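The same chain A turns up in both complexes below, where it pairs with chain B and then with chain C.
Our next item is the complex of A and B:
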């Protein structure tokens, strides 16, 4: 036997053992992989294919290229949905981004009752989305008997229209989102604050730094990376807002609060036009992928 | 970090000698109390308003109800047949819980301890799933489920919880923290991969299983979109689907309000019992993820 064939047979043997070595691992992973395929990966690709076809009910009948995208762009609901989604995101940056950070810094200063504060602000986070949306619908009830208007009447302010005022709808919905999410985010910031080395503050005090200077030069710089991560995660999640406009306002008044995800809902489950729903889904995914890549680029520059 | 250090904030004991700082601390404390109230009061308001009569709720400008009569809640419970929806939700939650732990745990374990050749490809795909939101692929998923005639059953809801990238990552991080020497020793004793998982990994991972269980229960209880698509009009509606149906129905506002209370109670109880585990995990996962 020459050396070449010896090496070959050796190679074969090692491939055999490597196969036998790896098989149990793959068998353990297989059931979960099948689930991921069915529930996550395949639907993602399928929505691209779906968006290129014309359908009759659930049957795809004809390849139409990008026609569905063209139709979606010409849908009178598309510009407001896109615009509102940007507004939701901007408002959530104005209202939702700062609140948890400030809350965290303040709670971290308290001496006593801190765990109670943490529980209290986290509690809204476990209220199921659908229940929360209905609950705030009642709280924002217009008219004299709405709870907020009752409270306002105590300080001499007349009843307000709340969600039925188109100019207020989006900011109010963002306030509700913030009510639900701020506590969980604040806990992340508190963990970040606890990670700051106390000696940094001691050194700053030695140098005569007042409280504001400590916040400016120690606290905020140390929270910067975490804040950047949470900012992008927040944008990604607000971009998909659906329940709030769907249930509280049904996108109204007069399309003032319709969101891009709600457009998917409308196409798919009100008009049963699945390919167009797929097209809007693909557009949303593309935007989110761009944001995600930007996020990774940013967070790679300085690791957490 | 020691506990003493952990309680240090920006304001130190020395600063309290300045009266302005003491006043400022008072303001900080008041703001925190207000935040606590803002978090809790809306839910208390719903619970108390549920005791109002429909007339009270629609016209009265009192914040509190005239009487605290439990019969009103009982009446709504029987009138809306809420027991049935509770049972449906329990069925959905129980299966989801089992799938969430079994499938994600297995995958997380394989990623952490077995690492068969090529595991990184699957891991990369799972991580991608973590970043690309599921809501955008809900339409094709719904079509697939319909084509397989799984509509009206809990099966797709259960199994969908078995493909949760977030839980896989939590499991993987946990198993990464288990010493490899344990596994090696068992291998030398001739244990197969599966029996190592079954006899060593599972008994050691009670802590992470509890945490994922709590997460999965709350997530399955709160889930709306997929349950609505799969179960609507099937007679197996979960409580969330029922809540959404109120939108088009003839149910009175006060009954809806009480239904909200029914829906909020289970996760709130769970949270109050396990608040330590819940808040800690949300912190760990948030920073790592």
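Our next item is the complex of A and C:
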């Protein structure tokens, strides 16, 4: 027996022991692994496979290679859907990314009634999604009967088109998203803020640092990792925006708000063309994987 | 009630187990739980059916067709034996092989010869039949008579002075808007239903969206006629301002709500949906009128189609035949006997009780004896002033008034037209020619790929 094979068999033995040692751990993880396999990984791989076939309903009929992807690229709704999804994401960063941070700092600085504010900003989050979009539908309704237009009429401003103005549709939907989601994110930031050692602030104050310097040199660096994770999560979730435009504008007017997920929805539930729905889903996940990896690579050296 | 249905199901299931040859039909066209009157009517139908066909077991399996549930049910083999779908769906369901070819069963009963040809075509592919019609429809113009009265638009008999042409419609709508504040017309622009209605308007302006040239199907979305029709719609919004506040949020259902609740005076709709403004949205049965679609500069057409009953693709021939017998009892088949007459009467009586106009249906079947029986049932339970409906029935009976949908990829056509509608009703400066050019550019490849292969 040479050294290499000796090392190998030792290795095997130690792996065996370590597996036995870790058995309770594996057992604990087993239900999650099974669930993941069944509900996440298997469907994921299945939709990749689906996207390479032609089908009748969900029955695969013929392998067609990348034809579904080619067809999807030639769909006249694909370019606007892709473009809009990028706009949703960018607008959500412009409008929505800083809001929770600001809310968190404000609440953190508040002396009394902090819980009241925390609950207040979190409440929109527990409104069921469908109720929320219907409510905002009434608020943004164009014509004389819309809630905002009624309010505007009191100060002498005529009715505005709101969501039916193609230039406003996406920013307005992002405002709704922010209203709904900022509270929950703010709570995470508050937790982050409260994890910062107060002695750092005391020391900074003694050194004569003002509020801006304290934010710049203590608060922001300490929140950096959290903010980065939340940024990625926000991009991933906004990239998959579906029901808000679907219900409020049905992707209109003239595709001004159609999102890439709505294209998936259209293929699957309007045309029963599941392979193309699968193809678009695969594209979405590829884009998100690339974005995430690129971002983490770029910001690696800044890790604290 | 639910308990009663449950007991009924269990009894039927037990009976089914007792005899192996028995045929069990899962009836997707059973009424939903809350419609107790309708359920009682169907329980009567089951009794009648079993008197003649004791081997058939009916299992209530209420199913309301919906695009997000259909495929899962079909793929898992759980579709009811017979179910009702939408008039838009047959070709899609046939292409996906979700539904059974029932040619043999329908022919055995001789129904294929008694079916309206246009309707038969809608439910067939390559000479095979995949469904039978619940009824057919032809679009007309529904009016809220109360609003016409408020606007003073009634003749000396109190009948609404409805618009005969699209130009008159714009003016009538303006008067109504000025005098009552309600919208003159509810135009749809949220989903494909917008394009569907628009094709009917555009036909009257002389548009033909699909024509065959040298064996190729060519789209004509940007023809001068289509542009004129789109300009008309744009004028309704920007010149006359007679539409509801947000057409891009109006779909088939909200249109009936606007009409039924008095928020709009006119709406393009068909006779098979008269329960929508009345029973569903509370309009008094006497305040509804249905008149012909107005004429345009190049003609007057009514878009016609049919609502299909279709069959699960795993249904056996015996199950399909039993389902067809059930339709017979319901009075939905071209057969005339005591049972069908009773079925037709029960239906008319039920409509009368629910405050739904009892009207002649639009004939999906052509059998004269059946049509007469249907007419008799309707006459016996009449609850509306037929003067509010006669012109519609006269018009749709005229030669060349009826047209079926454009032959290929109608839903894709509607999707493209709807996008243009959305643009013209939301942008005062929309360039109609450019928008329709781009719709044309989007739609022709779909035709090429699907039809001109």
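Everything that follows uses one rule, which is that the second predicted complex is superposed on the first by the 252 of 304 C-alpha atoms of A that agree within 3 Å, B and C clash if a C-alpha of one lies under 4 Å from a C-alpha of the other, contacts with A are read in each partner's own complex, and residues count from 1 in each chain.
Assume contacts are C-beta pairs under 8 Å (C-beta built on N, C-alpha and C of every residue); 3 or more make two chains touch, one makes a residue touch a chain.
For clarity, every value in this text was computed on a predicted model and none was experimentally measured.
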item: Touching partner for A:76 - first (chain B), second (chain C), both, neither; value: second
item: Touched partner set for A:252, first chain B, second chain C, both or neither; value: second
item: First, second, both or neither for A:269, with chain B first and chain C second; value: both
item: Touched partner set for A:221, first chain B, second chain C, both or neither; value: neither
item: Which of chain B and chain C A:145 touches, first, second, both or neither; value: both
item: First, second, both or neither for A:58, with chain B first and chain C second; value: both
item: Touched partner set for A:131, first chain B, second chain C, both or neither; value: first
item: Comparing the two partners chain B and chain C, which touches a greater set of residues in chain A; value: B
item: Contacts of A:26 with chain B and chain C, given as first, second, both or neither; value: first
item: Shared chain A contacts, counted only where both chain B and chain C touch the same residue; value: 58, 144-145, 269, 274
item: Residue ranges of chain C in contact with chain A within the complex; value: 67-68, 70-71, 74-75, 92, 95-98, 189-191, 244-246, 248-249, 411, 416, 418-420, 422-423, 425-427, 435, 441-442, 445
item: Of chain A, residues touching chain B in the complex; value: 18, 21-26, 28-29, 31-33, 35-36, 38-44, 46-47, 50, 58, 103, 105-111, 113, 116-124, 126-131, 134-136, 138-139, 144-145, 147, 150-151, 153, 179, 183-184, 187-188, 190-194, 198, 201, 205, 211, 214-215, 218-219, 226, 230, 236-237, 240, 242-243, 247, 261, 264, 268-269, 274, 277-278, 281-282, 284-285, 288-289, 292, 304
item: Touch list for chain A against partner chain C, complex; value: 56-59, 74, 76, 137, 141-146, 161, 164-166, 249-250, 252-255, 269-272, 274
item: Residues of chain B touching chain A in the complex; value: 1, 5-12, 14-15, 21, 24-25, 28-29, 31-32, 35-40, 42-43, 45-46, 49, 57-63, 99, 103-104, 106-107, 109-110, 114-119, 122, 125-126, 129, 131-144, 146-147, 159-160, 162-163, 165, 168, 192-194, 197, 218, 221-222, 224-225, 229, 240, 243-244, 246-247, 253, 256-257, 260, 263-264, 267-268, 270-271, 275, 278-279, 282-283, 286-287
